[in-house]
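Mind looking over this structure? Questions follow.
For clarity, chains are labelled A, B, C, D, E and F in written order, and residue numbers in each chain start from 1.
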């Protein structure tokens, strides 16, 4: 299992700062190659210079992928099962930006359908090196309950 | 510019089936390497066999990344600017699954802040080879308006 | 099927400009890793500075691979089957160059062996951001015929 | 410099068998990600099963890229400068095929414009594990002359 | 900083089992592409079948790279600085093997040259799904000391 | 088989300089993605600037992987089987560094357990473009014996 907390060790209001990652040209090429998205704003520097962004930017959803990866690297949760994301793109991510996610737990309840799991909802901001929120949203995750908490059969 | 339609050529109710992509082990390794997410459910076959999934599954957000890439490959829109995603994970994506996105435009209006762009909202299902909806949600995208439509200054 | 034209919608003299791609260090590393070519002119900056090129250059055939990929991204043809390439390297491709292919159809005839396909021959130039032709040649491609055109059994 | 022969050590009729490479799903994904070509015949197993090929095949030009990489791995030539390729696709390359190139020198002359280099022309077949020629053609390459051969100023 | 223990929280005899990773064809291709090693035993299935291994095997040093990566994923140490490895290859790693590292601390002392760091020596086995030790050796790592432990100036 | 020497053609004291490789950002991302090591000193430019290194550095073991790859590219040995490495990290490897390995054979004896192979021990330095030894150590390798040398049955 991954290092990280069981559902029963988390509570609403908990805040976690993840590790950071610096976005490079290589990230854009590798992400384009998985997603199959070679849009000019990501791959064509000549075009990108003519846009309001003034240069190539990262795929918006690569920001979300990095956010989720940083969440895992932060060892905040034992192996979870993702339920949902609701996500808004606010600022472009540029080559050389260093990103960090700020996670705040907003809801935590035992799952009705899977009582050995808890449902955690969190508000997440993806922040760059200038302390700008570049992407933001809400994420739902199922997190395993502490085995001892389950033995009595009662939900927390 | 990408091949695809201007905002003015799209209307509510339009439906598009994208190309498909078969998910391979290599997708999972490459996605893990960009996102930095090596969770056992994706990388550890011994662990994955013990779970309810019975084997390794793709990262949930790789499904979203593929959805967006298939959208671009479908040449549905001229180069857009992504605004938001609201996305729910319903079924696991397994190695060997072949995925396709079904896009239906649910809303289309001229942008107030950027009148040379239109805001398009679409409902998207990501469907596997068994015709199961594995992921589903809503996506907001800014799409450029047809230059001729702008000349008179009126919004459609 | 890919977006793009059927054979019957193409004619000799048609010209297409593809999307563009900016070549990065990451392209060279990724291409070397597929092709298995780690020649010093691509991988060793110290050596490359001593050559007539004055620095590292891309693998010549990566230029051809990008040309073909840009052709697909341009949505010029429905899914074709490649027959042949005849290709000449004229100028080096440097890191940071932005490339575009110019495609001109020079021949189009119904295939004798596969009458539901047409054979298209095209002259292609790969052009950099200084409008220099860096690579050039000829490409033969089989393109599917429009289903309606086939029904009467006559070839166009 | 790469291990391999100088121009002056090569002669018309020389034949070389390169190392071999087994083509995997990962090659196709990685090549697609560099070239930007996600055509269904390479990426969509459901579609590919309906074609005459009966399954996914490798990008034709990946075969050429592998041919050139195998040439470099064979240490046949000191660091050369590619001039041209003329190449024909004869059979599909399938996942799991093991490929080898057979190189035969057909022409060798001192370069007029760059007398410290020789021009070598070779006929190359790319052969699979069933001894079928899957791709074939001709390649022109500039190869450095042996320094001693240059000292007298005479061309071989 | 990475999640994990400070030097002062570790002691000789501590044992840690890391997460696991399943080795895929894609790992071999990606590792070959970084290291530049396309030896036939890794890349050529036809050749590999004729060897004592009976099929393709992973690069030996990829086993060491995975070992080190699993160590980091185990969140055993705060960000360390690697000093040395002494490593022996005992069994081949095959495609499909699932690997785990077993780490045992054998030595721990405050660094003389960098008193805010501790030197940790550990014995590591890399074990496959059949509980065979495939690779084994010793690793030296500098680990940061707990800030409070430093304040008094005394070394533990 | 790989180009390179049989055991019987090697002798103690032989020295070989390998080709070189320039380390790029892409190497770090690709290596991180295989090894699963996203430690901040490699991936987080903001953090790395605050360290004694003053910026991001390559994974130490990537230096060893490159050393081994350069060894293979140098065509020094026929296909060998790696036995062991003993390796020390002396200086960081920075983005843009160009590395070369210097190999000196220090021991060569016929294998007792596998008499058709020889055991070669070599001292290897990995050197950067400033002629600094960044990593150094010893490597044991089994190298095939020349078929003719085996016929008489005597070991060299």
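Note that contacts are C-beta pairs under 8 Å (C-beta built on N, C-alpha and C of every residue); 3 or more make two chains touch, one makes a residue touch a chain.
Nothing here was measured: the structure is a model prediction, and the numbers come from that model.
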{"item": "Centroid-based (C-alpha) most distant chain relative to subunit C", "value": "E"}
{"item": "Equivalent interface to A-D, taken from A-B, B-F or C-F so that over half of the residue contact pairs match", "value": "B-F"}
{"item": "Rounded Å distance, subunit B centre to subunit C centre (Cα mean)", "value": "27"}
{"item": "Intercentroid distance (Cα basis), subunit F paired with subunit A, Å", "value": "38"}
{"item": "Centroid spacing, where centroids are CA-atom means, of subunit E and subunit F in whole angstrom", "value": "17"}
{"item": "Where subunit C touches two or more other chains, by residue", "value": "1-2, 19, 21, 24-27, 29-30, 33-34, 36, 38, 40, 43, 69, 73"}
{"item": "Touch-based graph of the chains, sorted into line, ring, star, complete or other", "value": "complete"}
{"item": "Complex interface listing, subunit F residues touching subunit C", "value": "19-22, 24-27, 29-30, 69, 73, 96, 98, 129"}
{"item": "Subunit A contact footprint on subunit F (complex, rising order)", "value": "24-26, 29-30, 33, 38, 40, 43-47, 56"}
{"item": "Of all residues in subunit F, those that touch subunit E in their complex", "value": "1-2, 21, 27, 30-31, 33-41, 59-62, 64-66, 68-70, 72-73, 79, 82-89"}
{"item": "Of all residues in subunit E, those that touch subunit A in their complex", "value": "1-3, 19, 73-75"}
{"item": "Parts of subunit C lying in touch with subunit E, wherever the complex brings them together", "value": "29-30, 32-34, 36, 38, 43"}
